[in-house]
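Labels run A, B, C and D following the written order; every chain starts at residue 1.
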Amino acid sequence: MKITVKYFGMIAETTQCEEEIIDFSGNFISDFLKILHSKYPELKNKGFQVAQNQELVSLETGVTGGEIALLPPFAGG
Amino acid sequence: MKITVKYFGMIAETTQCEEEIIDFSGNFISDFLKILHSKYPELKNKGFQVAQNQELVSLETGVTGGEIALLPPFAGG
Amino acid sequence: MTDKKVKSVFKQGAISSEFIGESIAKHQTKTSIGAHNIFLGQVRADVIDGKTVSAIEYTAYEDMANQKFHEIREAAFEKFNLTCMHIYHSLGMVKAGEICLFVFVSSPRRKVVFEALEYIVEEIKAHVPVFGKEIFEDDTHQWKVNN
Amino acid sequence: MTDKKVKSVFKQGAISSEFIGESIAKHQTKTSIGAHNIFLGQVRADVIDGKTVSAIEYTAYEDMANQKFHEIREAAFEKFNLTCMHIYHSLGMVKAGEICLFVFVSSPRRKVVFEALEYIVEEIKAHVPVFGKEIFEDDTHQWKVNN
C-alpha cells in the first residue's frame, strides 16, 4: 500500500523533505520504521513519536494505510 | 484624646457620615466601640472589622490615638 | 518593607480593554519574559430576588488599601520569580460587563505566573479594604461581600 | 466529540496586543462573566552558549494540531464551568518579545478560571504537535523542546 509520510521540525531537517510517498508491504509501524531507518540512517539518533492518521501509535500498531507522521519533541507556546 | 473615626460602605450608611472626630478617654478598642454602639445602636447588627492607624486590631488592643476605621466585609475585585 | 514608596492602585471608573492592550504592548521590550498571566475581574449582572445588578460603585479605605496592595506586591516578589507585576482596581461606578480589577504578572517561566497570579488575586480579595455597592436597575442596592 | 467542527487555532506571525485588547472588549456584553484569565506565551531572547535567540519559527502538523486543540477545548468545557474559551497560536516567525500563544478563559467565578487556564496551557504544551526553531542572531538555529 502507498503511505504518505510526513516529517516535521528537526526530523524534516534530517530527511531533507517534508513529505514523500512510500510503497509498503509489511505489517507493523516497527516494520515501516525499518525502511525509514535504512533510507535515513541519521534518524536512529533522533527522538520522535509516530502518528498514523493523526493519532499517536506504538511500534506494535498495525499499519492501516493513509498518513504516517514523524513528530519530534513538541514546542508549542 | 481625639480620635478620627472613619466609616465605609454599609457602615457609613448606618452612621450617615463617613468621618467624625470623637473625644475618648478609655483604654481599649472595646471601650471605644461601646461609645459608637450607644451613638449608633444599629451598629450592633452589622459585621465589621476595626483598623487602628490602618492595621486591623482586636477588641483587646489599646487605643493609641490617631485614626480608627470601621470596615464592613471586603468586596474588592 | 513598608518604607518603599507606595503608589496608588486605584483608577476612577472602569478599566478599558485599550489600557490592558497597551500594558501588554509595553512588555514586548522585556525579552527575558516567557509567560504572562492576566486576571480580569468583570462586574456581573447578577439577578437577586428578581432584580438585576446594573453596576457596582466601589469605595475604599484608600490609604490602607494602597498599603495592603503594596504589601501583597512585595510578598509576591519575594515568593515568586517575577519579572513584572501590575495591579489596578477601579473606584466609583463600574457598569455590568466592565472591568474593575486588572492583575498582570510576568516571568521567564509559566509555572511561576500561574501560582503567583492566584496568590495575588486571593490576597486582594481577602485583605484589601475595598467596598462594593451593587446597584440594581431600579436604583435600590445591596452591599457586595467577597466569598 | 470529534464530530463537531474543528476551527483553526493558528495565526500567521505574532499575536498583537491590539488583537488581545479587542478580544477582551468583545466579552463586555457577556454580563454573566465575573472573571477572565489570560495566558500569553512570549518568545524569550534566551542566551545559549553565548548566542542570543532573536526569533522562533513555528511549524505544526496542522490538521492533527487543530484536532488536538479541539479535543483540549471540549475536555476543558466538560471539566470546568466556562462561559468562553479562546486559543490562538502563531505559525511562522515570531520575534523575541512578541506573543506566540494566547489562551483566554472566562467564567462567572474566579476559582474556575485559574484551574481551567493552567489545565489548558499544560495540555497544549504536552499534546499539540507544534515545533519551534530557535533562530540565533548569527542565523544558526536549534530546535526548541518543551519541558
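The working rule: a residue touches a chain if its C-beta (ideal position, glycine included) is under 8 Å from a C-beta of that chain, and two chains touch if they have at least 3 such contacts.
These numbers were taken from a predicted model, which means no experiment stands behind them.
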| item | value |
| --- | --- |
| Taking each chain's C-alpha mean as its centre, the one farthest from subunit D | B |
| Centroid distance [mean C-alpha coordinates] between subunit C and subunit A, Å | 49 |
| Chain centre separation (subunit B, subunit C; CA means) in Å | 26 |
| Touching two or more other chains - residue numbers and ranges from subunit D | 41, 110, 121, 125 |
| Residues of subunit B whose C-beta touches two or more other chains | 77 |
| Full enumeration of touching chain pairs | A-D, B-C, C-D |
| Of all residues in subunit C, those that touch subunit B in their complex | 41, 56, 58-61, 63-65, 67, 89, 100-101, 121, 124-133, 143-146 |
| Subunit C-facing residues of subunit D, complex | 17-18, 20-22, 24-25, 27-45, 96-99, 106, 108, 110, 113-114, 117-118, 121, 125 |
| In the complex with subunit D, residue positions of subunit A that touch it | 6, 8-10, 51, 54, 69, 71-77 |
